[in-house]
Amino acid sequence: MSSELLFAVVGALIFTLGVAGTILVANLLRRILAFNLMGSGAFLVLVGLAQRGGESDPVPHAMVLTGIVVAVAATALALALLRKQHEVKDSEEELTEIDDG
Amino acid sequence: MKRAIVIAAALVFGGLLINAIVDLPSSPVNLRIAVADNMAKSGVSHPVTAVLLNFRGYDTLLEIAVLLLALIGLMAAGPMLPPPPNQPADAMLQKLARIATPPVIVVGGYLLWAGAFRPGGAFQAGAVLAAAMVLLHLSGLLSAWNAQLLPLARRVILVGGFVLFLCVSVALLAAGSLLQYPPEQAGLLILLIESGLTLSLAAILAGLFLFLSRDNGGAP
Amino acid sequence: MSAALAFDLLLSTALVWSAWRTITANRLDQAVVMFIVFGLLMTLAWCRLRAPDIALAEAAIGAGLTGALLLDALGALRKAKTARRRQ
Amino acid sequence: MVEPVTFVVWLIVLPLAWAAAAFVTGERIGAWLGVVGSAIQTFLVVWMVATWHVAVPVIHRVGGWGAPLGIDLTVDGLALAMLLLTQVVSLPLTIYARSYFSEDASKSRHFWPLAGFLITGLNALFVSADLFNIYVTLEIVGLSAVSLVAIGGGKAQISAALRYLFATLIGSGAYLLGVALIYGAFGSVSLATLIPLVGSNPPQAFALAGLLMLFGLMLKTALFPFHYWLPPAHGGAAAPVSALLSALVVKASFYLTLRLWTELFASIADDIAWIPALLGAGAILWGSWRAIQAIRIKMLIAYSTVAQLGYLFLVFPLLPGQDAIRATVMQACAHGAAKAAMFAAAGVLIKATGQDTMAGLAGMTGRLPLTLFAFGLAGMTLMGLPPSSGFLAKWQLIEAGMARDLWIIPVVALAGGLLTAVYIFRILSFAFLLSPSSVKIATVPRVQEWTAFALAAGSVLLGLRGVELMALLPGQVP
């Protein structure tokens, strides 16, 4: 097995881990991490598999660059929503406490 | 129960996937040849930059749109706390940030220029500049951004690179199709687009951090 | 077995291990740190796959910016939690 | 003379331009940019449809390179029908949204740029002939839709947006791995290059890629039982956003499922065609059942979307038959117009009564007759009563099923129609039968009522003009 194919297999393993994590993990921050693992795994499969003959291929390199930027955009949006959710939760809990008092 | 099912399904799926990958015969199409044949007409000599800004430049245009819309989504949904007053940060850290910033800008400029013929380009350059801005923020020299009160100049910088890219793409429609560079001017146009993108990408990537980072140091 | 392949095997093991720990680490901050380690290992893997452009982007965006965002979010969430406990 | 096919580029560039401009100029000018931009796009697409006379797809080679090195945009009748639906539904919705958000600057400031990006993503998705480029367009659509849901900023919207975000990200992750496997197997991501290469005995990786991509797309289309994310997102968002999402966004991933199913994955799809049909039948029954039980108006409409999406998948065992494609495209257009009208009308009712419950509708027929008429017309389309487009869609579906002796399809379709009638009449009965409550109702600008009515009337009138729409599709003959 060539090194490239090895990395493609590793990518497959990481993707699978990521999917299982996204489904099983309850904590939302962890799910964001798991989703990022899915993406990294798919990128490794893309480049590793394309280069399994040993020759470098610029087309998947460009695709992965695009993919990394999309992934960070999605991650930032997810984190923003997560933080907003905590903020809303806090303020509403405060409100109920005021109401109770 | 759910746990066991998901783990079993993941094992089966992983096995199938690895089996499919290891078994794969060589692919019938080889795009390396097409890329190599058209490099002379692409305007740059680094193949990845040629794919990113020329052969598949349309992907890149849409990708900047993804980044921009995620930033807008983040502004729409993110925490709405007012930015905290600037913390008097560690003097040592500030000194370090002040010393580090100029060389980081030089590195960013170098990466942008290098992209034409070796690894580098607008994305890496923009990311390095964004890192410098985040560093300045963490050392207290650059305050967080308020999504609700965004000055016009900052909005223009955020979308400027994207709008420039869009305008060049549309202007090239005159040649027949979107983003069809004339080979003689391709190098110059790509450098123009990448320069605009570097500034906007730096602002957007830093913005992803600076719009969110609201409660550094402040006591709850 | 060549030295290069041995290194790749080692790197692969480290990648899968760090990914595994990212999901299974007991504490959230450990998971985030493991994820940043994973990002740095990915940078090495991209170098081994002769993809220096991706390695640069992964180091700056994948590990760097994403890591900073995650740590910042972790801090904010923790602060919100202690604030809630104090009330 | 300019060839109408170059207009397709403008359908992508224009919304990008007004999205960016709206971000810079702010909400007031941004709203006008959105409305004017949508009007120009509608004009362009109508012109394209009117001059459409070719049976072969028209190709625009971005960058002038041509696939597989470059990216191709392909316009065929199916893509054109979806482009038409998108512009024709989004124009009244932008007019509606300009009025709806006029009092709330903090929401509309972000609505206009995000709506522009969403429409760009939809238009780009319909014409892309490149699997990786489609991934990027899917991300534009998914992330802008999630952001639009979150605009409200309330607790319910934020959790709905998060749930939606994870669903759409898992979907695109699965799709992306499929693209990676296909590039590895064939060395290209261009559909035109791939389709002749697949052959009768493709490698295992190709079949796996097909399953991953189709699964990802069905998750994004909220096909039962992957619909869990849809009701809170569509039911919780602001009314113009719910309308865009239910009418158009879920149709985009459905369109891709249909396209990949009949073109790229035809060799593996035949054996598993009963799965989406079965899930579609499940969606019709479960979605209708939940709609019948709903207490909130918008939740009822959202569950109705789950049910109506089921019809789209019922035809899969009949593919690639031309009659089946016609039936499902007709259903997509009928539901698109009717559901946009329903959410728009619900937005008016909720603003007027100040509450999102069925009980709040008591006696509203006297007070908002036009809006309730619009709601009734849209309901007629969903039930499939003649002469609406919904009738035409269901008629074609039943005919296609009977032509192949698949009796189960007409049975499910008719049962679904009856269940739809139950929940539509249930909501109307609150408005007609209950005596008017003494609650004072707020005035809602007439333009919101009229745009809702225009969409509803359009969904009915499309039934009379269905032949013209179907004439776009002859290129789909197997």
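Note that the chains are named A, B, C and D in the order they appear, and that numbering of residues resets to 1 at the start of each chain.
Basically, contacts are C-beta pairs under 8 Å (C-beta built on N, C-alpha and C of every residue); 3 or more make two chains touch, one makes a residue touch a chain.
Here the structure is a predicted model, which means the values were calculated and not measured.
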item	value
Most extensive contact between chains (C-beta pair count)	B-D
Length of the line joining the C-alpha centres of chain A and chain D, rounded to whole Å	27
Separation of chain B from chain D, taking each centre as the mean of its C-alpha atoms, in whole Å	30
Geometric centre distance via CA averages, chain D-chain C, whole Å	38
Computed distance of Cα centres, chain B from chain A, in Å	17
For chain B, residues contacting two or more additional chains	17, 21, 24, 27, 31, 35, 48, 55-56, 59, 63, 66, 69-70, 73-74, 77, 79-80, 123, 205, 208, 212
Multi-chain contact residues (two or more partners), chain D	132, 136, 139, 143, 146-147, 150, 153, 158, 161, 181, 183-184, 187
Set of chain A residues in contact with two or more other chains	8-9, 13, 15, 17-20, 23, 41, 43, 45, 49-50, 52, 56, 59, 61, 63, 65-66, 69-70, 72-74, 76-77, 79, 81-84, 87
Complete list of chain pairs which touch one another	A-B, A-C, A-D, B-C, B-D
Residues on chain B engaged by chain A in the complex (per definition of touch)	2-3, 6-7, 10, 13-14, 17-18, 21-22, 24, 26-27, 31-32, 35, 47-48, 50-52, 55-56, 59-60, 63, 66-67, 69-71, 73-74, 77-81, 123, 205, 208, 211-212
Contacting residues of chain C [partner chain B, same complex]	52-53, 56-57, 60-61, 64-65, 68-69, 72-73, 75-76, 79-80, 82-83, 86
Touching residues (chain side chain B, partner chain C) in the complex	48, 79, 111, 119-121, 123-124, 127-128, 130-131, 134, 205, 208-209, 212-216, 220
Parts of chain B lying in touch with chain D, wherever the complex brings them together	16-17, 19-21, 23-25, 27-31, 34-35, 38, 54-59, 62-63, 65-66, 68-70, 72-77, 80, 148, 152, 155-156, 158-159, 162-163, 166, 169-170, 173, 175-181
Contacting residues of chain C [partner chain A, same complex]	4-5, 8-9, 12, 15-16, 19-20, 22-23, 28, 31-32, 35, 38, 42, 45-46, 48-51, 53-54, 57-58, 61-62, 65-66, 69-70, 73-74, 76-77, 80, 83-84, 87
